[in-house]
Structure formats: C-alpha cells, structure tokens
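Chains here go by letter, A, B, C, D, E and F, matching the order in which they are written, and residues are numbered from 1 within each.
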Amino acid sequence: MFKRFATPLLGALALTLAAAAHAQTPAEAPKIDTGDTAWILASTALVLLMTPGLALFYGGMVRQKNALSTILQSFICLGVISLQWILFGYTLAFAEGTPFIGGLQHLGLNGISFDGVVAYAPTIPSLLFIAFQMMFAIITPALITGAFAERVKFSAFLVFVVLWATLVYDPLAHWVWGAGGWLGAMGALDFAGGTVVHISSGISALVFALYVGRRRGYPDEEMRPHNLTMTLIGTGLLWFGWFGFNAGSALGSGSLAAVALLTTNTAAAAGALAWMFAEWKHHGQPTALGAASGAVAGLVGITPGAGFVSPMAAIFIGLAAGVACYLAVLLKNRLKYDDSLDTFGVHGIGGILGALMTGIFVTTSVNSAEIVQAAVARGPLVQLGIQAVGVVATVVYSAAITWILLKLIDVTMGLRVKPEEEEAGLDLTQHGETAYHLV
Amino acid sequence: MVKIECIIRPERLDEVKAALNALGVVGMTVSDVRGFGRQKGYVQHYRGLEYHVNLLPKVRVDVVVSNDQADEVVDAVVEAARTGEIGDGKIFLTRIDDAIRIRTGERGDVAL
Amino acid sequence: MFKRFATPLLGALALTLAAAAHAQTPAEAPKIDTGDTAWILASTALVLLMTPGLALFYGGMVRQKNALSTILQSFICLGVISLQWILFGYTLAFAEGTPFIGGLQHLGLNGISFDGVVAYAPTIPSLLFIAFQMMFAIITPALITGAFAERVKFSAFLVFVVLWATLVYDPLAHWVWGAGGWLGAMGALDFAGGTVVHISSGISALVFALYVGRRRGYPDEEMRPHNLTMTLIGTGLLWFGWFGFNAGSALGSGSLAAVALLTTNTAAAAGALAWMFAEWKHHGQPTALGAASGAVAGLVGITPGAGFVSPMAAIFIGLAAGVACYLAVLLKNRLKYDDSLDTFGVHGIGGILGALMTGIFVTTSVNSAEIVQAAVARGPLVQLGIQAVGVVATVVYSAAITWILLKLIDVTMGLRVKPEEEEAGLDLTQHGETAYHLV
Amino acid sequence: MFKRFATPLLGALALTLAAAAHAQTPAEAPKIDTGDTAWILASTALVLLMTPGLALFYGGMVRQKNALSTILQSFICLGVISLQWILFGYTLAFAEGTPFIGGLQHLGLNGISFDGVVAYAPTIPSLLFIAFQMMFAIITPALITGAFAERVKFSAFLVFVVLWATLVYDPLAHWVWGAGGWLGAMGALDFAGGTVVHISSGISALVFALYVGRRRGYPDEEMRPHNLTMTLIGTGLLWFGWFGFNAGSALGSGSLAAVALLTTNTAAAAGALAWMFAEWKHHGQPTALGAASGAVAGLVGITPGAGFVSPMAAIFIGLAAGVACYLAVLLKNRLKYDDSLDTFGVHGIGGILGALMTGIFVTTSVNSAEIVQAAVARGPLVQLGIQAVGVVATVVYSAAITWILLKLIDVTMGLRVKPEEEEAGLDLTQHGETAYHLV
Amino acid sequence: MVKIECIIRPERLDEVKAALNALGVVGMTVSDVRGFGRQKGYVQHYRGLEYHVNLLPKVRVDVVVSNDQADEVVDAVVEAARTGEIGDGKIFLTRIDDAIRIRTGERGDVAL
Amino acid sequence: MVKIECIIRPERLDEVKAALNALGVVGMTVSDVRGFGRQKGYVQHYRGLEYHVNLLPKVRVDVVVSNDQADEVVDAVVEAARTGEIGDGKIFLTRIDDAIRIRTGERGDVAL
C-alpha cells in the first residue's frame, strides 16, 4: 500500500514522501482527488464483500450440520471488528507510536478530521483510509476460522476474535504499515498484506488447529463438502473482491492500481491452473474444488507483491503458490492434524512464499517509489533476507500470542463444544437453527 | 395384496412408470435411495483426500397390487428397468395384510 | 442526497446552492467531474445489485414451494420500474412542479440533454443522476413483497407495483428530494431514503399484511426458512450494495461519501451485534438469521442520517435499530398478524427510528451544507419536530394510498391465490416451475 | 468502445482521433485521468464477475449430476484465457498488424510501458486497457459452454477453448476493434461486443451443438434445471457486471458511460418483460426462468449499440430481443437439436438483432464521435448494410473455424464422454466430485 | 407386531404426529416420498419445454405397533390425515416378525 | 427371505456398512429418514418464533438376506450401530415372499 511509503520520520516528512510517490499529486498541500477517492470507495466495497465471499467459500466445504455456524463465524467479524477498529483498533495500528504499536491518540477516531486526509494517503479522505484498512482487519481473523471449523464454541470464538485482532493484527499492521513500524522501517515490502493478513492468519490457524485438536471422527469418517457450488460462488466473490484488496492498496487510481489489478488476476489464474493440473497428474482427475483452491492460493501468493512485480513474474508466483499449497495440503493429510479447511496450507504457505518471492521479483519498472528503489538497490539476496526477517517475526509473534490466547480462553470459559454437540452439529446446538429445509 | 418394492436405476423411472400405467396400475410411491451391491462405485477426491463412493443413487418404487396382478407387474418392471448391466436392481415381494384409502376409509383391494 | 439541498427556488438558484454545497466544485458553470462520475457509476451498479440481494434475502426465508415466486417478485421490479421510471416516474418525482408532485415536462426523458447535467447533481451526467435514482425507485416496492410473501397473485402484484410506484413512491420522492418538494423545503433531512424508501415501504407492508390476511396455517404450522445460506448471501450483497445506496447519495466522490460509507458500515455492524445479543440474552442462543436481520436493521436505521451524523453516532443508531427491530418482530409474533418476512418490523420501525435520530445527531462537522447548518441552528428539538412531521406525513400518505390500491385491485382482479394454490405453493401454481430438482 | 474510434491510420493519428473523441481530454499529450481510471478499474472487476455469474446462470440449469462440471467450464476460462491473453492473445487482437490479425510485437506484453497508455484509451493506464479487454476474451468462450453442457470431455474442452480464443476471438476482436481491423475501418459499429462476443459465441455454440449431437435421452427424458435459484443469482450478477461491460466500454467516466449504463439497464428490463409476457400469453404462466432469460436477451441485444442509441431506442431493442430469443428457443424445441442452455438462441439471435438495430438507431445525440457522425451521414439503410456485412463475416468465419477445430479435436483426442459417463454425470466421472451432500 | 405404513399429504404430518402421540405411540419414522395416483399433477414449463409432473410430494410415516394397537392407530391416522380431496393417501399394513431395540438389544413388543 | 430394516444414527452408517460387508452381505439399500422416539429433540428459533424439532435425522438401511443369515446380520448391526445412548434406533424383520434380480430375472435367494 502507499501507506507503506511513509517513513519512520513522521508527520510532514512522511506526508511529503507519500505525496511525492504519487504521480498525480503535486508537491504542494495534499488535496482530495475525486478519481483516487472513487476507486478507494469502490475498493472498500470490494474488500467488504470478500468476507461474505469467504463465508461462502468456507461454508460450502463443511458438513451441512455446520453450514450456518461456519458462515456466521466469518460474517460476525464484520460486526465485531468494524466496531473494534473505529473504537481502538485503528489507533493501535496506524497512530504514531512506538515501532511496535500505535499510540492511543485516535481512540474512537478522536482527532481525525472528517474532511481532511491522513499522511498515509494524502489524496483520499481520512475516513476512507480508515474504512479501507478496516476491511483488512475484518477479513484477517475470519480467515482463521477455516482451521477450527465445526468444533469451537461460538462464545469462545467471539472472545478470541476481539483479542486476536487487538493483540496480533493491530500490532502487526503497525510493524509493517504504521508510521514508524519497525518492519516497514527496515525495508520489508508487503504491498497488500502478505505478512499482516495471510501469514498471521495462516500461522494462527495452524496453532489453533493443533491446540483445539481434530474433529470427532477425523480422519476416519468421510467429511465431504456439503455444497461445492457455494464454495465456487465464494471463490468468484473472493477473486472479484481481491481486485479491491490489491489494486485498492495503491491507495489511488492510476498505473500502480492497474499493475496490481493485472498481477492479481494473473496469479489467480496461474494458481488455479497449477493446482488443477497438479491434482490431475497426481489423482487422475482435475477437480472444481482444486481449481478454486488454487485460485485462492494464487491470490494469496501475489498479495505481498501485487504492486511491486511484473505480470510475467505474477505467472510464476501464481504457479508456485498453486503447487506449493497443494503439496502443503497433501502433507497435512499425511500428518493428520486437522486444519479443517486448510487455512494454514493456503494462507500460511501461500503468504510465506509470496513474501519471499516479492523480495526476488520486485522491480522499479512497476513501481518507482523510494522504498522500491531502495529494495532494488539492495539486490534480491539482501531484500530476500529482509523479507525473511519479516516472515519469521510474524510467524513467531502470531504463533506465541495465539497460543497464549487459546490457553487463556480454554481455562476460563472453555474452547470446544461437547462431543454430542459436535455430533449433532453446531447449527443446532450453538444457534438453534438449521441451514436448509428442503422438502 | 402384495407390495412390489422395486429398486431401480434413476434413469429408468420414466419407463417403469409408463409400463405400470400401461397395465392400468393407478398408484405408486417413489423415493430416492442409495444402493450398495455388486455395481462398482466411484472414487471422489477433495483436496487430496480420497473417498470411495459405493452408495449409488437408486430409485425405489413401491406398488401395492392385488395378488393376481403381481406377476404381470413384476414382469413389466423387469422389462422396463433392465439395461443388462450390473446395478439394474432388485424387486422384493411382501404380503400386505390390508390397505386403507384415507380419503374414503375403504379397505382391501378396492382401496388401491 | 445532495439533491435534497436544492431549494424551492428552482433553476439557477437551486443549481448554485447545490454547487456551493459541493466542496470540489467551483462556483462557475458546472462541469462533469470524472471522479464524481466514476463513483456514481459504481454506486448505481451497487444499488442495482441490492434488488437481487433482497431477492435472496427474502427468498431464503420462505418455504421451498415459494422460493422462485418470492425471488421473482423482487426481480421483476427491475423490469417494471426501470421502464416506469424513464417513461414517467422520473418526471413525477424530480421535474419542477408543485410542492406535492413533479411536472410532466420530462415524460420519456423528454428535454433531458444526454451530455449535460441536472441541477440536483451538477458534476455528474444527467442520465447518471436519473439512473442512480431509478435504482431507489426499483428496490422500494420490492421491499414490500416481504410482507405478503407466499399468498398473492402474481398478476395482482404486478399491477400493485406499478400503481404504488407511481402514486406513492414518486410523490414522496418529490416531497423530500424534488425541486420545491414541501418536506425538503421545510427542512426535513433524509440523506438516502429513510422516509422515502424505508418508512414508505414499511408502512405499506403493514397495511398490505393486514389487508391480505395471514398465510394459511399461520401461526400454528411451522414455517421455517427453507435456505438460510441464501438469506446470508443476500445479506452480504445488501451490505455491499448499501455502500452505493448511502455513500452514493453524496452524489460525488469525496469526504462526504467517505463519511457516509463509514457510518453505514458502523451502523450495520452495531445492528448485527445488537439483535444477536438481544436474542442471545432472550432465547439463550445467538442465531445467524438474527445477526443478518440486525445488520439490515442497522443499515435501514442509518440511511436517513448517513451523511449527516458521525461514526460514533452511527454506533448508537445501529444499536438502537437492532434492538428496536428485534422487539418489533417479537411484538408481531405476539399480535399474530402476518408480516411474513418482517418488512414493517425492520424497514418501518428502523426507518422511523433513523429519521428521528437524524434530527438529534445531525452535525456540521460531517456535512457543512446549508441545509445542515440550518438544521443545527434550529437545535435538536425543533429539528426532531420537523423530522416527526416528515415521518407522520409519510406514514399517513403511504398507508392511505396503499389501502385504496389494495381495495381496488381486490374487487377488480382479486388479490390472493386460491387456498389450494397456496397449499401447493406459488412456484407451481403461479409460475409452473419448481426451484430445486435435487436428486 | 472508444478503441473502435481508432482508424486504420495508425500511431499518432489514431491517438489524436481517439483523444479528440473524448470530451474531457484536451488535444494535447494524453494524460492518465484518475476518474476515468477509477471507473475502468471498477468496470474490469465488474466484467470479471460476469464469468462466475455466467457459471451460476448455466450451472443452475443443468441436472445436478453436472452442476460442478458446468460451473467449472466457465470458471476455468478465467484461468486459461487470463494467461493466453497476456502471453499472446492481446497482441493478436490489438497490436498493429494486418486488417485481419494483430502483429506479434506485444507477445508477453513486450513493449507495453507499465506507466504509459495505449492509443486505444489515452486517459487510462495501458495495463488497465489490457486487463479490461481480457475480461471480454474470458467470458466469450465461456458463453459457448452452454451449448454442449453435460456431454463433453473436460480435456477436449480445455484444448478447444485455447484454440478457439486464439483462432476465432482474437482475429474477430482485431477486425472490429483492432488498429486497422477491416470491419472497423469499413465503419461497422459494435460498442461493446455484439459481433465479437455474442454472435461469435452464439454461432460457434450452434455448430458445436450440431457437431457433438444431443444429450442422451434428449428430448424424451425430462431434463429440468436442478437449481433455478442459482440461475437467478447468476442473472443478478450478470446484470450487475454488464454495467461494466457496456458502460466500461466508453473507456472513461462521463456522459457516454452514463448513456451506456442507462440503455443497458433499460434493454435488460424490457427484455425480461418481453420474454415473460410472451410466455405468459403462450403458455398461460409467466416463469422466473423466462424473466431471467429475457433479461439476458435484452442485455445481449443492447451490447453492440449501448453507447450509440438513446434510452428510448433501448426499450425497443430490449423488447425485440426478448421476443426474438424466446421464439428462437421455441424453434429449437421444434427442430430438436440440442443447444442445451440456448447459447445460440439467446446470444446468437440477440447479438445479430442488436448488431442490425444499432445501424438503425445510432444517433449523434448520444455519441458525437467521428465514427458515429460518419454512420449517421451514411443513413440507416447504408449503415444497416455495413452492419449486415459485419454479421455475415462473423457468422461465416466463426462457424467455419469452430467446425474445423471440433473435427480436429474429435479425431485426435475425442470430444464426447462415454455413454455411461454421461449417464452417471460429468461431476463424478470427469472430476471425481459431487456438488451437494445434503443430508 | 404390525407395520403401519401411511402415505399422507406433507401438510398433514403435524396433525398425524399429534394424533399418534395422543394415543401414546412413542415412535415413528418419517420419510419424504413422491406419489403417483388419481390426484392430478401440474404442468411445468422451462423455456418452452413442457413437463407433466405427476409425482407429487407426499410424506410416508412408518409406525410399528403391537397387533392390538393397530386398529386405533389406523383410525387415528385416517382421521388426522383426511381432507376429503383426492390425494389423501393410503395406509398399508404388514406383519412384522420381530423388532429389536439397538440400544438394549431388547426384542419383541417391548422394543417398540 | 427376510428383510432387515434398520433405523440407525447417520454417523453409524459407515460402521454398519463395514460390519455387513465383513459378513459377506453384498447388497443393501439406504435412505435418509427422520425419526421420532424417546430421544429428545432441539428447539429452533427464527426471529423469535420457537419450533420444537423432534424429528431427528436417521438413516434407514434395508437388507434382504436368506432366512439363515438373518440372525448374524441382526447381531452385527446391533453391535455396529450401538452407542448406548437413547436414539440408537430399531431393527424390524419382515418376511419377504420373493426377490427378483432385474438384470437377469433370477428369483429367490440367488437373486440377492
């Protein structure tokens, strides 16, 4: 995102740099551009839609008795995190503070002018920047739900989500994108959330899956997706929304957004083909679920580099992500831990792969911002090292905090539903509903 | 009275229905079932997990007829449902002690 | 909407005021702004999508035998009202005329220049303003269908929709937003359709439900939603589209649109949580349908004030709407009238609540247009009074005309399907189709 | 599209003309406009979504046992053609070359500047033009899948799609829209793809249906749509996305986009009503599937003229398309060939009708570009003749190449699945999946 | 023991269930079936193709009771399921040779 | 011949199938049913309306076997389907008068 052009030198300096990086903006005082604003308004809507899209993607993959509870776990993040973000999440992530966490000066949007701008994005309204960022904060915890689907108490889940967003997501966003965040200052590149969104959620997913244990009957019982057409609708909405996620992370309307859109689409396409052909070769048949999973893997893989690499590099990243995530899922089946809907296999692995490849493929022909020039000047090996530091820091931090949170919740309120509730399904036992009454 | 319970391939239902109608059978009850037998199933795979599907979609047709109509009904079903491939299904005959038409309360053969 | 800044002094004056209210537009001759236009093009598409979204939201809540007929009732409003609007609806609503109804000078878009602008929105193409407004005219009657689902003749419904749009929606839109409309002139605030869209449809829904009577078997028979996943997809599309509805009502791309987007999202989130927790407290379990219903309640509640109140006020409005609509639905269950899908409970109650709260929370820090300054100058109590006049006028007028229309249709062509048709379902008996053939 | 204003005189001249045709762009050097770019970014996303929308539209109409395979056939076009396009499709369609095909200078996007523009669209980034066009190249072969649903091998289909896109779509796009393409040079008008997209796919669909033969059991067995709610969701997404398709084809944000959006919506509405009422009259009942089919017919019909005709003309075009496509489908039932989901009946017939009517209704009041002025100067009869030449050329070329490709694939790898595979369904036998596991 | 197999209208299920409960019948098994009989069906049309639908949705209720309870159960079902229109359905009686409660392994009337 | 009609918990189907296969039973027919019995149901609520759900998902497995195989089949099902909790289900035995294999027209035990 453009915001990551902001340097550790805060205030005016950050603002000037950011402004300078933006082709259409003169060096003078920032002014809201209606075209930039139009695209980020649209992008915010697109990213919003990704959460319902994810709900369907996941919802179709579980058994019928858990369809609603799975959808609701994603959906309710829209409710919970929307409020968390404007009340205290935004300030923790984006206010000036320490290298590790933002200050509290913007609690409840305090001090944000309703018709001004923030330094991160000097050509769009301040509240729009906040809203756009909010959508990232919403979908990230929703991603984790895939790992523990079909077995966790709704109340425990709600508590987890709020704490995780506050103690994992907000600090990580600050590290990478926040004014003065240490990873950003170090030169780590993350265009649209490879570390902040995908690695953090993917690793936390793994920890959660291991902590909470397998679903009853896994892996002996057959647990087939109850509605793959729903999963495919979800995939379509995710692909569509991802244009907002990645191309919106240009924080304006112009060539950078166009590059990001094209690399995004390219990697999604390559990922879908890669997974499908790998499966075809390996199992003898190409599946729709495989193609859909591969598309998501490609989208994850390109996220950190969408505005830093060329469309040709995006083919490569997409193919690699498709194959790597497919292998990760096979490995899971071998190891028999129960990351139910493969959040780690797709978002963890895809995110790590993408973050590293960004260091290799970054090019100034796509993005001439200072931060990119610095990265290119360092050379791919050094930049790869910096990216690796970002990955490792994110992995360690996310895993540790997630584990502590789970322990805490488990001993205080209990994490997992009772066996007979799991058997009867969460829809009935947690929510008193069932998804379908088809005669 | 006899209940003739036919487990057939879904795609033969229309023919079976037509054959029964041709015999003047005016009623039957149909349900969707899954069958397991000699017919081999399919392998499904979902993200690398393989499941062997050996419960195949079948249709069950229940017809209750008077004893003397039973044989011709069985023959008609066999003819209409047969493809000659494994999986054509079975017919089971059971004695029915009584039948009641709910609308009128009539009992016995006349209720069919 | 900006258009409601137009004053009774028409032509040049209205235009000047509207222009002045728009931060990015110089006082000189209006000129189409590509950024403003881009956002309203996108918003028009977003609001269009709300009607299919509503179709799914409603379609999932009925019994399977009425799934298609319910979806079609919303869907066909796209067909019927799209034509009604350009033929004569637009001119009745927005042409200069009396305080009560527009003139006929723009019948069939007569006199509209294809590359000019209209005074309501001086920076976007005239046809775009017309198309954007059309989407509001389409979804409003579609909302009513929730009240009489599962029992009305399709032919009678079609006649009702055309007459209602012409005799209720178009005049109300003129009162509030049209050049010289009496409610707008009086200072009533309605940013995106609290009275025009939600109260009008909610009240008409109540009248319709009472007139046509209960569904056969209600409330003794169990009538469970046949596909709640469909209702949740619909909710996602509605939330997404509502960004166009509310933020598009800024009629341009800039800070006002950003505020409206953020208040909209905030109220939706608060509404979802409020309903869900109310239900949790009351019934012991939180439901997905409850969260979805609450989100819609919050969206309805914020509609009149989206561009007038702050995000913090939006939390309050959303919470209030979520709880109030939940209670309204409980009351319906108590009173045993059959507003099948709770159009009155959600849109009527939520709309009234939002319209009133707008009078209390309106602030110039969000929107410095003259009309807002006037409202703030009056003070909350007076403004509340003005808002109340708007509410009462809308309630009385909508109720009266709806009742007359129903009587008329009932005696001429008959309103309700035959009992055996209702039993067999409208899909089979009105349309000769069934929704699913799942083996 | 604006690109079709480019004349056979290439380079600078094309650029100047294109620029001149664009109201907001001064005659000087082209500069990226953030508003234009914002709308085309959004439009690209909208057109992308049409392919999943189509997948649902089609997927709901097949029998359950083929639901996934049908959806996947559309979906995988996103994978395959996205790569084909940037590797060699774009250059074949849009690079300067002969009147019949583009050159190879832009293989792999070679020579495309990542922050410049292309002559076809001088106010938006080059990569955005390429991405927007890509979405058209993706959906066109996906449309054909409706004709041969439920009986073709997935491997054969993949080979067909790549060859067809390369040998039919890319040349046709060049003829009509490419620099120096002979149909464009002749003055044939096609705003958003009436010939290039709909006639080409519709005719190829007919040839495919005839070549591959009927589904087993057709027309004696009942083959009812397995999930019409899915078809209706698809219709909603198609209508929504079509705003990007047609209004995005203005390649900028302004009055022309607004006209195109309004004519698009109008024709869709008129088409839905026309088909539904024709059916009502004819069969005694209006159906949801009929209304949905009519909406698509209207959208197809308006595609070639969306930015050339007035909203009133769009009513007429929509009504005509709705009735004509309905009759075409009835005729198919009479002739008993098996165009399973009526790609020819809707896209072939609707496209031809629209292309011809564009010649009659084109008006400079909507679009004052030179190409339009030339068309109007010629008079409707001459222009109708030119349009007819475009139609005939497209029909003959598409039919011939499609037939050759099918023959080739058939003899080398086989086109059709085995009878017992068709009986068991393509989901199980081609993909080893089933769509639903509803208990 | 007797199995009482009732094919009824879906909308009468609640009444039938209530009637059986009133008699103290503590168990039954219900399934969705489609019935063909004298009741006339519907015409469906999809893009101009007409299909005659004569398999109508019905519900099948199976109740196994002891011989002496059979008559009152039949009467109760007839009363609860009857609307008097064609299509009310049928009841078929079959002798059951034994019943086993899986949980306990009990057999005979006590297992019901 | 005997028809062994087993109403079991859906989650025990795999075990029951395996147990039958182990006995060499080569055919069975499975359908989805809803059962009412001693097992208590659930309360559902939709916008404040409460519905008591006492028809619970069950699976019905029909196996027709020769008379002499009946006992071991019953025992195997009981063992495989039992959890010990209320709701494990029932097995009903009915005499079958004849069975026909549609593919070949064979009758009697050999048709199974």
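As a working rule, a residue touches a chain if its C-beta (ideal position, glycine included) is under 8 Å from a C-beta of that chain, and two chains touch if they have at least 3 such contacts.
Treat the numbers as computed from the prediction; the structure is a model and nothing was measured.
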item	value
Subunit F and subunit E - chains in contact with each	A, B, C, D
A-C against C-E, pair bridged by the larger set of C-beta contacts	A-C
Numbering shared by both copies at the subunit F-subunit B contact, with half separating same from different	different
Geometric centre distance via CA averages, subunit F-subunit C, whole Å	52
Separation of mean Cα positions, subunit F and subunit A [Å, integer]	46
For subunit B, residues that touch 2 or more chains besides their own	31-32, 44-46, 85, 94-95
Per-residue overlap in subunit D, given as positions that touch at least 2 other chains	33-36, 38-39, 42, 222, 224-225, 227, 233, 237, 253, 283, 285, 287, 289, 432-434, 436, 438-439
Graph class of chain-chain contacts, one of line, ring, star, complete, other	complete
List of subunit D residues in touch with subunit A within their complex	32-39, 41-42, 44-45, 48-49, 51-53, 55-56, 59, 67-69, 71-72, 75-76, 78-80, 82-83, 86, 108-109, 114-116, 124-128, 130-131, 134, 154, 227, 230, 233, 237, 253, 430-439
Interface residues, subunit F side, partner subunit D - complex	10, 32, 57
Subunit A residues touching subunit E - in the complex, by the definition given at the top	439
Touching residues on subunit C, where the partner in the complex is subunit E	217, 221-222, 423-424, 428-429, 432-434
Residues of subunit C that touch subunit A when the two form their complex	23-24, 33-36, 38-39, 42, 46, 63-65, 224-229, 232-233, 235-237, 239-240, 243-244, 247, 252-255, 257-259, 261-262, 265-266, 268-270, 272-273, 276, 283-289, 291-292, 295, 310-312, 315, 365-366, 436, 438
